[in-house]
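First the structure, then my questions, so here it is.
When the chains are written out, they are named A, B, C and D in that same order, and each has its own residue count from 1.
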Amino acid sequence: PGIRALADYERLAADLMPPASWTYLQDGTGDGLTVAQNRIAFDRIGLLPRILPDLRNATTQLDLFGQRHAAPILLAPVAYQRIAHPDGELATIRAATAMGCGMILSTLASVTLEETAAARAAAAPGLGAPPAALWFQLYMQEGRADTLTLVRRAEAAGYEAVVLTVDASIKRTAFALPPGVEAVNLRGIARPAHTSQVLGPILFGTPLAQTTPRWEDLSWLRGETRLPLLVKGVMAPDDARLAIEHGADGLIVSNHGGRVLDGMPAAIDCLAAIAAIVGERMPILVDGGIRRGTDVVKALALGATAVLLGRPQVHALAVAGVAGVAHALLMLRSELELAMAQLGCTTLADITPDRLTPLR
Amino acid sequence: PGIRALADYERLAADLMPPASWTYLQDGTGDGLTVAQNRIAFDRIGLLPRILPDLRNATTQLDLFGQRHAAPILLAPVAYQRIAHPDGELATIRAATAMGCGMILSTLASVTLEETAAARAAAAPGLGAPPAALWFQLYMQEGRADTLTLVRRAEAAGYEAVVLTVDASIKRTAFALPPGVEAVNLRGIARPAHTSQVLGPILFGTPLAQTTPRWEDLSWLRGETRLPLLVKGVMAPDDARLAIEHGADGLIVSNHGGRVLDGMPAAIDCLAAIAAIVGERMPILVDGGIRRGTDVVKALALGATAVLLGRPQVHALAVAGVAGVAHALLMLRSELELAMAQLGCTTLADITPDRLTPLR
Amino acid sequence: PGIRALADYERLAADLMPPASWTYLQDGTGDGLTVAQNRIAFDRIGLLPRILPDLRNATTQLDLFGQRHAAPILLAPVAYQRIAHPDGELATIRAATAMGCGMILSTLASVTLEETAAARAAAAPGLGAPPAALWFQLYMQEGRADTLTLVRRAEAAGYEAVVLTVDASIKRTAFALPPGVEAVNLRGIARPAHTSQVLGPILFGTPLAQTTPRWEDLSWLRGETRLPLLVKGVMAPDDARLAIEHGADGLIVSNHGGRVLDGMPAAIDCLAAIAAIVGERMPILVDGGIRRGTDVVKALALGATAVLLGRPQVHALAVAGVAGVAHALLMLRSELELAMAQLGCTTLADITPDRLTPLR
Amino acid sequence: PGIRALADYERLAADLMPPASWTYLQDGTGDGLTVAQNRIAFDRIGLLPRILPDLRNATTQLDLFGQRHAAPILLAPVAYQRIAHPDGELATIRAATAMGCGMILSTLASVTLEETAAARAAAAPGLGAPPAALWFQLYMQEGRADTLTLVRRAEAAGYEAVVLTVDASIKRTAFALPPGVEAVNLRGIARPAHTSQVLGPILFGTPLAQTTPRWEDLSWLRGETRLPLLVKGVMAPDDARLAIEHGADGLIVSNHGGRVLDGMPAAIDCLAAIAAIVGERMPILVDGGIRRGTDVVKALALGATAVLLGRPQVHALAVAGVAGVAHALLMLRSELELAMAQLGCTTLADITPDRLTPLR
């Protein structure tokens, strides 16, 4: 049957992807409490529409760091996209460009950041649209020189922002990458490892724990680049404050899609407290469980400037490559417009907290 | 086995109706959150009876806009009833007349509004009962002249009120009407369409979004007819206020049976706040999820003057035509009397908020 | 396997009883919301034990209207017990007598009230125990003379109290009694009937609704008998007040096991508010969903003097007759002692509200 | 496939253990409400991480009664471990020693307390680690002399603390121990019994109820030993106060794994109120439902000094003997380190209540 919602791509991708890849993509850590929260939280937020609005100048457009976005929806950094489709991140950036949506390329992309930037440049003119935003998601490397190399490459390739992910410095996975898929951007960079001698240190005291990034590393990074710098993985209001003090230009409220520490609340449930602290000072993005246009509206009503889409981009990529991702973005934006119209919101600024009401 | 409750008609209709029609009838939009809320909300409202009442003058009668109703139950406007039964709306009005219950005919009825009015007139005398109320549900048309034509026709045919539905100006459906079923009242009226060129506007900027009705259209309509004018689809208290200011004579609290914007709260959960604003100024009706006599009681205790019944009329129509709808109304009214008796309420006015208590 | 709890009798009875009888016994009215509440409410009440108590003088004994009860557990009035076992209420009273627990005989018993009293008298001596309490549950009859006849018969037969049930004057059932089972105590008494002519009155205006008992009937009854008079079916605090004013000597908080008005809260959830009004003035009993010794403790902690057991007596009766009912009472009392010991309660008076805590 | 979490051992043990033993091990009392609460409660507690922490000196070490523990995790007293594995408690103490985790031996151990102590002594040197803590869990016996004999034996064998369990003096079980498994430490000690003559006393008035331990017995015990004395089974804040007054050196908040009184709240839900009363005066341990490193963190954030692990040790023992238990402890400690790292906690003292947040 037809594909009418992001959930349809998820359903189809479940059959198409090899089980190990599917598990890697979908599963949360631990008992999946946080993955579940990410959805439950959205489903409990109710929408209270206003009737008979004037929709004649309605628009979903957004300006972010001086760049135009067709809608407040970006593609979240998701590693190793060639797991889902041979073209991997190249397909994704082409779809994003076609739809006027921004994309954040992962440090662990399975395509080089230069190739991705080139694919954007190549796709844009044919579409008669301005190139969509392309940001680089950074994982700090053990050596600062290695980190800096990544940042310089991103700057050189024309990326418009750096997103420093701070919530996954220590993360466990049992997934063995399929042959031919690897973190190509990290070729030649040493990565710290767990010690696993029996009766030796488990995590604390191992090189891994000794070298995780600290606040001082954020300050250092801030001093090294002129690109806008966003911190991804902020959940506590006090960390939002610290991130601002250490030079962040934007925050991404995220629990990493429930993949890191099980028991974290839904990102959407942490948003309002952070928005209260940040105010109008900088953009706040949020991700985790966004699957519907109504979810986008809920996030914006709670203080988000825009949202990121994680797993659904991979579902669509697995099912139909570039066309799938473009279609997924189209459906989501279309649902967003419909929801705004039905709520009586003409612009993103109309999406205020008084449109929300708790559900049973 | 026997048909003892509206749910039995639903069960039977599920087997009788073609799957596509059934899906169209039953489904909510999106993930069905709001459809579910409409029932969950009723099920969580508890009833606290008073004992040893004097039931000797008990009655369920109600006067609305100067017309007598046997019970505070009307048939909601439901489009295209010939999907369920060849007689469609004609069967429905006959059943309503027999039971002394009002009916609201949809703009999208599959029978003309004139024929429906004629069927009422023909049925009433044989029943020895005064004709039941017949109201016309209006969807504003792209051109005001077309809208006015509909209103004039309804006035001429003897409809006693106009119900302007404001919550479904933009609504998506994938349902293809079966052959022979159409919106006969709209023959000859142009309807706006979505633009669906790829990379063109999705909704915002299309003719559809440019022409949705606005508050000024309500004022205009108010000036055009002397019939009582109800606004259907009010959920926010501020909109109740605006509707009154713009000339409404009655409000219908409704989320359109969960068919428009997923994530809306149950209509019953929005009722009390609106009743607090409206007070005794005008009747307030509510629909969405009414399936039991106890639900009617709960609605009235929360401030409703009467309730509308949506899908169940179609279930009964599909199963047994005019007899089904009449029987469904009889069962509901019978449950209402039983509930009132057991609660110790003699008249509708006895159904006060102190009879309610939250359930676990 | 073994029978270790009341639930085991329920399980076994489900297989033994004819489906129609089982449905009649078990089902609640409407959608079963209230039946469910009766259990959910108990399951959400938590128990907070105190440790290292002195249990040397522990006892579950209770004095009620001057009569000794082995435990604060009585058998609720349940109609037509010969549905479950040929000996019907005779088996039940024998079991109650053996266990020192009181029994309340229904007006709708399938054995005469005189035979039941005789069975108690015959059983007691052999057991070397004082006869257990035997009360008569009264449904008011259409004519006061008929009602009075019942009361006089109960007085003459040695019943120690009258329980006037006020919550089921109008109650629907579709159950056809099996051959040989009838309300023998009502032989010769006329019973009002529903009018069911189509388009005639449904309930309001029928003889049934015209003759339901009113507060004045309670006052009248109070004047007619010197037996303690309990009112069964009180749920609203204001009705508790009125019942006291009209001469009640005891109250039974009950929703009739969820069999009358669907949507009523759990009886246990209405208890505390009523206890707050009644104070120490008179005994308060409660029923609905009592299945465990811990439920008895919860009821007492919330202000009950004792509890009634409804359906479980019939389950045990169906499975094993007199031995079953006696065993069921033994298990429940045994669980009660265990719970009291583990909670650190030596007497019923030790079971105070501070032993309760909400569960998740 | 692989064993990655304690739940995997549970799954495997379910297939390996005989059904009767499995039921004995797993089941809670009554309807299992409390067993369920023990897990539900943890799953509803959310964790709010802080980002970019300095993990260079991170450690899970803990000093308790002057002894070093590798992690704040001890093995709870669990009776009759030879049910699960022929080596029983000997395997368990070897695993605990290998992992630097303490163990509490049950009075009802299926191996003598002297053999257990000897096994610890024998295992420690080979591991090059200091011997892990070994405490003795005491059930008071009917005669004080018998109780004292147990305590003296534990002292002589080098146990470092006595844990008096007060919540299971009266507890029902229908489990028949398999041949060859018995409470070897109680050989030659008389045990009180239930009276079960029909119509005789059930529990109250039997020898069992007459001899349950009382507060005065705690005072007496306190005077008899110089070992640290912990009271296991405290749930009410007032009992915490009394336990301190009667000489306890530590408290264990526990509902005995839901095996005693059904309806008790989760132990974790009683912890904070007790911690508020105890303050820094003494260690507070908690058990019941600990299955994940994140559960350990939640317990510590709510005021626990350490946690006990009950059933999971038996699951691992049944599956893989000493290696299983050691591996289970390793996994749990490893999860704990991971959780602390991801939460940004460097030491146990960093695990403060502000890291918690309710989940939906």
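What we mean here is this: a contact is a pair of C-beta atoms (placed from the backbone, for glycine too) under 8 Å apart; a residue touches a chain by one contact, two chains touch by 3 or more.
Please read all numbers here as calculations on a predicted model, not as lab measurements.
Note on connectivity: the fewest chain-to-chain touch steps from subunit B to subunit D number 2.
At the interface between subunit A and subunit B, two copies of one sequence, fewer than half of the residue numbers in use appear on both sides, so the contact is built from largely different positions.
Measuring from the averaged C-alpha position of subunit A to that of subunit D gives a distance of 43 Å. Between subunit A and subunit C the centroid-to-centroid distance comes to 61 Å (mean Cα coordinates, whole Å).
Chain contacts in this assembly form a single closed ring in which each chain touches exactly two others.
Listed in rising order, the residues of subunit A touching subunit D in the complex are 30-31, 33, 37, 40-41, 44, 166-167, 169-172, 174, 199, 202-205, 209-210, 212-215, 217-218, 231, 233-236, 238-239, 242-243, 260-266, 269-270.
For subunit B in complex with subunit C, the residues that touch the partner chain are 2, 4-5, 7, 43, 45-56, 58-60, 98, 127, 129, 292, 294, 298, 330, 333-334, 337-343, 357-360.
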